[in-house]
Amino acid sequence: MTETRTFTDMEQIICTSSRLMNGDKLYFTAIGGPPLVAVLLAKRLHAPALAYIVEDGTIAPQVSLPAPPFLIAASGASYRAASWTDMNTVSFHAGLGYIDYGVLAAVQVDQYGNFNSTFVGPAYERPARRFGGPGGANEIASLCWRTILMTRQQGRKFVKKLDFMSSPGYLDGSPSARERAGLPPDTGPWRVVTETAVFDFDEGTRKIRLQALAPWATVDDVVAEMEFEPLVAPTLENIDVPSEEELAVLRAEVDPTGRTIRGRWITVELEGDSARLVEQEAPAEGA
Amino acid sequence: MTIVAEGTGVFLAPDPDAHRRYIRDHKEKGLVSKVMSEHEAIERFVDDGDYVAYDCNLWVRGPASLMREIIRQKKRELWIAAKFTAHDATMLVAAGCVNRIDVGWMEVGRVITEAQAAGDVQLFEWSNGALAYRLLAGSLGVPFLPLRYLGGTDVFKFSGAKLIEDPYTGQSICLVPALTPDVALVHVNQCDEFGNARIFGAVISPVETAMASKKLILSTEEIVDSDEIRRHPQQTRIPYYAVDAVVHAPFGGYPGTVPGLYKADVEHLMESGVAQMQGKMDEYLEKWVFSVSSHQEMLEQRVGQEKLDTLKAEETIKEGYYE
Amino acid sequence: MTIVAEGTGVFLAPDPDAHRRYIRDHKEKGLVSKVMSEHEAIERFVDDGDYVAYDCNLWVRGPASLMREIIRQKKRELWIAAKFTAHDATMLVAAGCVNRIDVGWMEVGRVITEAQAAGDVQLFEWSNGALAYRLLAGSLGVPFLPLRYLGGTDVFKFSGAKLIEDPYTGQSICLVPALTPDVALVHVNQCDEFGNARIFGAVISPVETAMASKKLILSTEEIVDSDEIRRHPQQTRIPYYAVDAVVHAPFGGYPGTVPGLYKADVEHLMESGVAQMQGKMDEYLEKWVFSVSSHQEMLEQRVGQEKLDTLKAEETIKEGYYE
Amino acid sequence: MTETRTFTDMEQIICTSSRLMNGDKLYFTAIGGPPLVAVLLAKRLHAPALAYIVEDGTIAPQVSLPAPPFLIAASGASYRAASWTDMNTVSFHAGLGYIDYGVLAAVQVDQYGNFNSTFVGPAYERPARRFGGPGGANEIASLCWRTILMTRQQGRKFVKKLDFMSSPGYLDGSPSARERAGLPPDTGPWRVVTETAVFDFDEGTRKIRLQALAPWATVDDVVAEMEFEPLVAPTLENIDVPSEEELAVLRAEVDPTGRTIRGRWITVELEGDSARLVEQEAPAEGA
């Protein structure tokens, strides 16, 4: 019995990330985009008790689905929250150690999980492309116990050297580098999720390490889309492709306008646990 | 208590004593009405060269009408804190009002990129949280606060933060300078004529912004009786004595939302996004700002009553805000 | 960045990292009921030697019933922050529970004076504001905060404050260490079974106290449905994930007032004052604490329904609290 | 036409203090006792618009008179406030320079307006009498622009050396002593009010200076009740004895239980602007 399934790279990233989330943990998510969509998907499907806080001071809302369009500027985003506070207050909760996981998107990631959301290009004053800035990512990546990063598997995203380090991973990778920089100990990036891979970080060297692989991709496929050679775990876990249920919920309920889940299309043929790539779009410029 | 490292960014230097003197000499402690037009408020209280702070503009409960009036009055060389904002910075830069931006997060496109390349605008790197926290420091009346992030990153290097050895724990910790803007623009749900103000919903940092700033302009959806304010003192988030101007501005957050009252005009937000991508911000500003004399005229002639009614009707969630 | 002067007082040293680890390992992030008896809450969450923080007890919305339970369970060697409190410290010292007091303001009489002379209790000097501010520091997750008072006085000398040269302005400024109590006792108007709590009225620092502490026990006049809490999220001042125990304690602030709900029992406050002046605190404690097994029993057998009804009826001001 | 009037020392202190207050200024007062009573009297009689804040976070309440008994633990104390906040918030407003005057009571005052509310006696560990502590006095005396201190005219209250300096006046009196100690500039004690005198502070030396005198007392009377010799202004102003209206309002409306206004009785005979002492009680021990 084979089955064909078609999804976007971003849908894969979102589904993989959402499966990393549990109902008895507390999450701090960027206010929109893939991180929030992944959290909403987890909450809708397998972790209804999951609680999350958002930079705007909303604590543990219960967004009613289908999500309203333009969630960032909609009262639906903070509906039936446990508490409405402010930006400083939720940062303090993170600083006090209440928040288990930060969930963030990155433009560029380096081998220590440091990441960039400020600009790409040769020089600060003349960026090839300027982005919005770290937003809340610097504090989230510093203060939450663990960080989940979401990005696409592309060479220009996994770089040897960031054009700008907006937010901290393990900095230069040396022992206690984060502590010496004033960040709380025992924190740092935990997983980096792409459409073909999940990375964790080696405990000794704090270097990024390939930990799981999409069934339709090889280690070489992944490494080909990185500027540097990652560590590879002795045994790689398997990443499930988005299920029909996940895709249905994503498309109809969590992101009905499709603004976040859009991306390049991937079609695979499923047979048991394995999947064979049938077709994939080329990455769009600047995606 | 050693300073281990310092950022090299330019920043508005904290001067709590000068701030105190300004407050002492300029604030009205009696109960006097501060109601005035948006024109008068911006003319009197925003000067060229001022540092202007506001929250979440063009998305949620932002002082959008006040910002348009700043553009209309062609204020110049402003310095803004762009924390958690949409394309405000783009509009202000396109209009030639702003030449320095402290960045937390803002929507960025060609307008800002080109202005930066041309040297017309300088960006300084912070984060949303660091800017809100610097405003908290300002609102506490202290020159700095310690925080446990920024360190180690390029944001630190491009900022005005310092890494010190904490005299209590011996560990490394950052300090950030207080931010005390010249003027704060804060859009609120309700206030009385004296400025006692209510804000409904989750917020970025309107109270910190208000209290950290020398001058404070409120725009408000509704002016309510002071007796009503005093019947629910816990709802008052900003006290009257901090307020310099109260501008009655229904739909003052337009095209953003005021949760519980009206939805964001997504169509308009798209229009401005497209204008900036196509290099047509001049046309956008002409249509929405310069060709009308006031916020009220913009609502009547550019938005129209029908659209306003729709935005109100579609905001069906009142719970927690107005009920 | 020089340290110019330092106080010599003993203080609970800030350790934000240890605090973070405690929070990570002990706090429940899921929505689980924390409702339990006052006996269980105090038994599980107050240990001998703990630093205990609370607000304004025996006057306004204080955790009076929890404090009596601490006495009933004969907790020992506690360290308390006496900020803006009535004769709580007197009761706790008389009962042998407390041997260290950080002083902001407390009612003092012969019990404390004699215990101090006998070396049974040590006092450390701060001020109400400095203690509230140290708790703010604790609730921010930072090891210290700067402030612009204490300096120059004997309070400074007897405290754990430091006078430094501010690296931003070059001026002198004080630092005070964060206060992160082992356990906070907070009496609230309403909360749900998970601990999402509402507090009505002007307050000292219940939110800072709650968030700065490792363990948090709420007593509440009323347990309300969680759906009701979520219909008005802005009223939630303490989020559930910080809360370890919810104790249903109607009249939990007795003999103090809970504004909007019941008046203080001035007669009782006089009785305790007289008891302390006459050296009869043992009799007072026997009557009001030891001879009853619980708060409920005290209300029934010592206060009586008639008195409770009167205290409720005489609190005619509901405005701003319950209407 | 002569008239006889009888009042307590504390009533005189309260009336004199309240007359120093204006409706267009903002006051920070101790939450109970003479400072609050003086503020309420001013508000009731000559400065209805006067706004004050209290340590417990109450901003500009409108206490309805007659005041409820035990005001410190009564909802009447924060009735119809402009805002209910918390202790830290009102301190910040003082720190920002919003509060014109602090109004406080003192147990001991020295020649530079430093004061004690902690203990009297030979040694910290063995106080002759221990008091409640500075409460909010340290921050109020540090952060408000000007401080009004209220105390009785007694030798043991105007001392050469405080047993404990709970709150700052001009410290050692040297130029910029407050600034060097980390306090905001241009702040400090402004008036000290007793039943027979009002003191201000000499600008050059920052020493306490007799500035006004009750008509029934002489400079020698005042100085006899001080451990040190104060400066004396070239011209002394006259302190009016409490008016009948003031006393009526105080006793019937502002402090109907009499807990604060009680003290030693003073009876004077009035004739025009002058007043002759008829009789006064001896000071009570420990008052």
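By written order: A, B, C and D. Residues from 1 in each chain.
Going forward, contacts are C-beta pairs under 8 Å (C-beta built on N, C-alpha and C of every residue); 3 or more make two chains touch, one makes a residue touch a chain.
Keep in mind that what you see is a predicted model, and the values were worked out from it rather than measured.
Peer 1: In contact with subunit C and with subunit D at once: which chains are those? Just list them.
Peer 2: Intersection of subunit C and subunit D contact lists gives B.
Peer 1: With centres defined as the mean of C-alpha atoms, identify the chain lying farthest from subunit B.
Peer 2: Farthest from subunit B by mean C-alpha position: D.
Peer 1: Using mean CA coordinates as chain centres, what's the gap between subunit A and subunit C in Å?
Peer 2: Comparing mean C-alpha positions, subunit C is 41 Å from subunit A.
Peer 1: Quick one: subunit B and subunit C, Cα centre-to-centre, how many Å?
Peer 2: The separation of the two C-alpha centroids amounts to 37 Å.
Peer 1: Just give me the whole-number Å value for how far the CA centre of subunit A lies from that of subunit D.
Peer 2: 61
Peer 1: Could you pull out the residues of subunit D that touch at least 2 other chains?
Peer 2: Residues 58, 78, 80-81, 84, 95, 143, 184 of subunit D each touch two or more of the other chains.
Peer 1: By residue number and range, which residues of subunit C touch two or more other chains?
Peer 2: 16-17, 140-142, 147-148, 171, 173, 201-202, 231, 233-234, 319-320
Peer 1: Are the chains arranged, by touching, as a line, ring, star, complete graph, or other?
Peer 2: Graph shape here is other: it fits none of the named patterns.
Peer 1: What are all the touching pairs of chains?
Peer 2: Per the contact definition above, the touching pairs are A-B, A-C, B-C, B-D, C-D.
Peer 1: Taking the complex as given, what residues does subunit B use to touch subunit A?
Peer 2: Going by the criterion above, the answer is residues 56, 59-60, 82-84, 103-108, 112-113, 116-117, 125-130, 132-133, 136, 147-156, 158, 163, 171-174, 201-208, 256-257, 259-260, 263-264, 266, 269, 315, 317, 319-321.
Peer 1: Could you pull out which subunit A residues touch subunit B in their complex?
Peer 2: Of all residues in subunit A, those touching subunit B are 31, 54-58, 69-70, 72-76, 78-81, 84-88, 91, 95, 114, 118, 124-127, 129-139, 142-143, 162, 164-168, 171, 177-184.
Peer 1: Can you tell me which positions in subunit C touch subunit B when the two form their complex?
Peer 2: 1-3, 13-17, 140-148, 162, 164, 166-169, 171, 173, 175, 177-178, 200-202, 231-234, 319-320
Peer 1: For a test of understanding, state which residues of subunit D touch subunit B in their complex under the given definition.
Peer 2: 23-26, 49, 51, 58-62, 78, 80-84, 92-93, 95-98, 100, 143, 145, 184-186
Peer 1: Name, in rising order, each residue of subunit B that touches subunit D in their complex.
Peer 2: So the residues of subunit B touching subunit D come out as 16-17, 19-24, 27-31, 139-142, 194, 196, 211, 229-231, 233-234, 236-237, 239-242.
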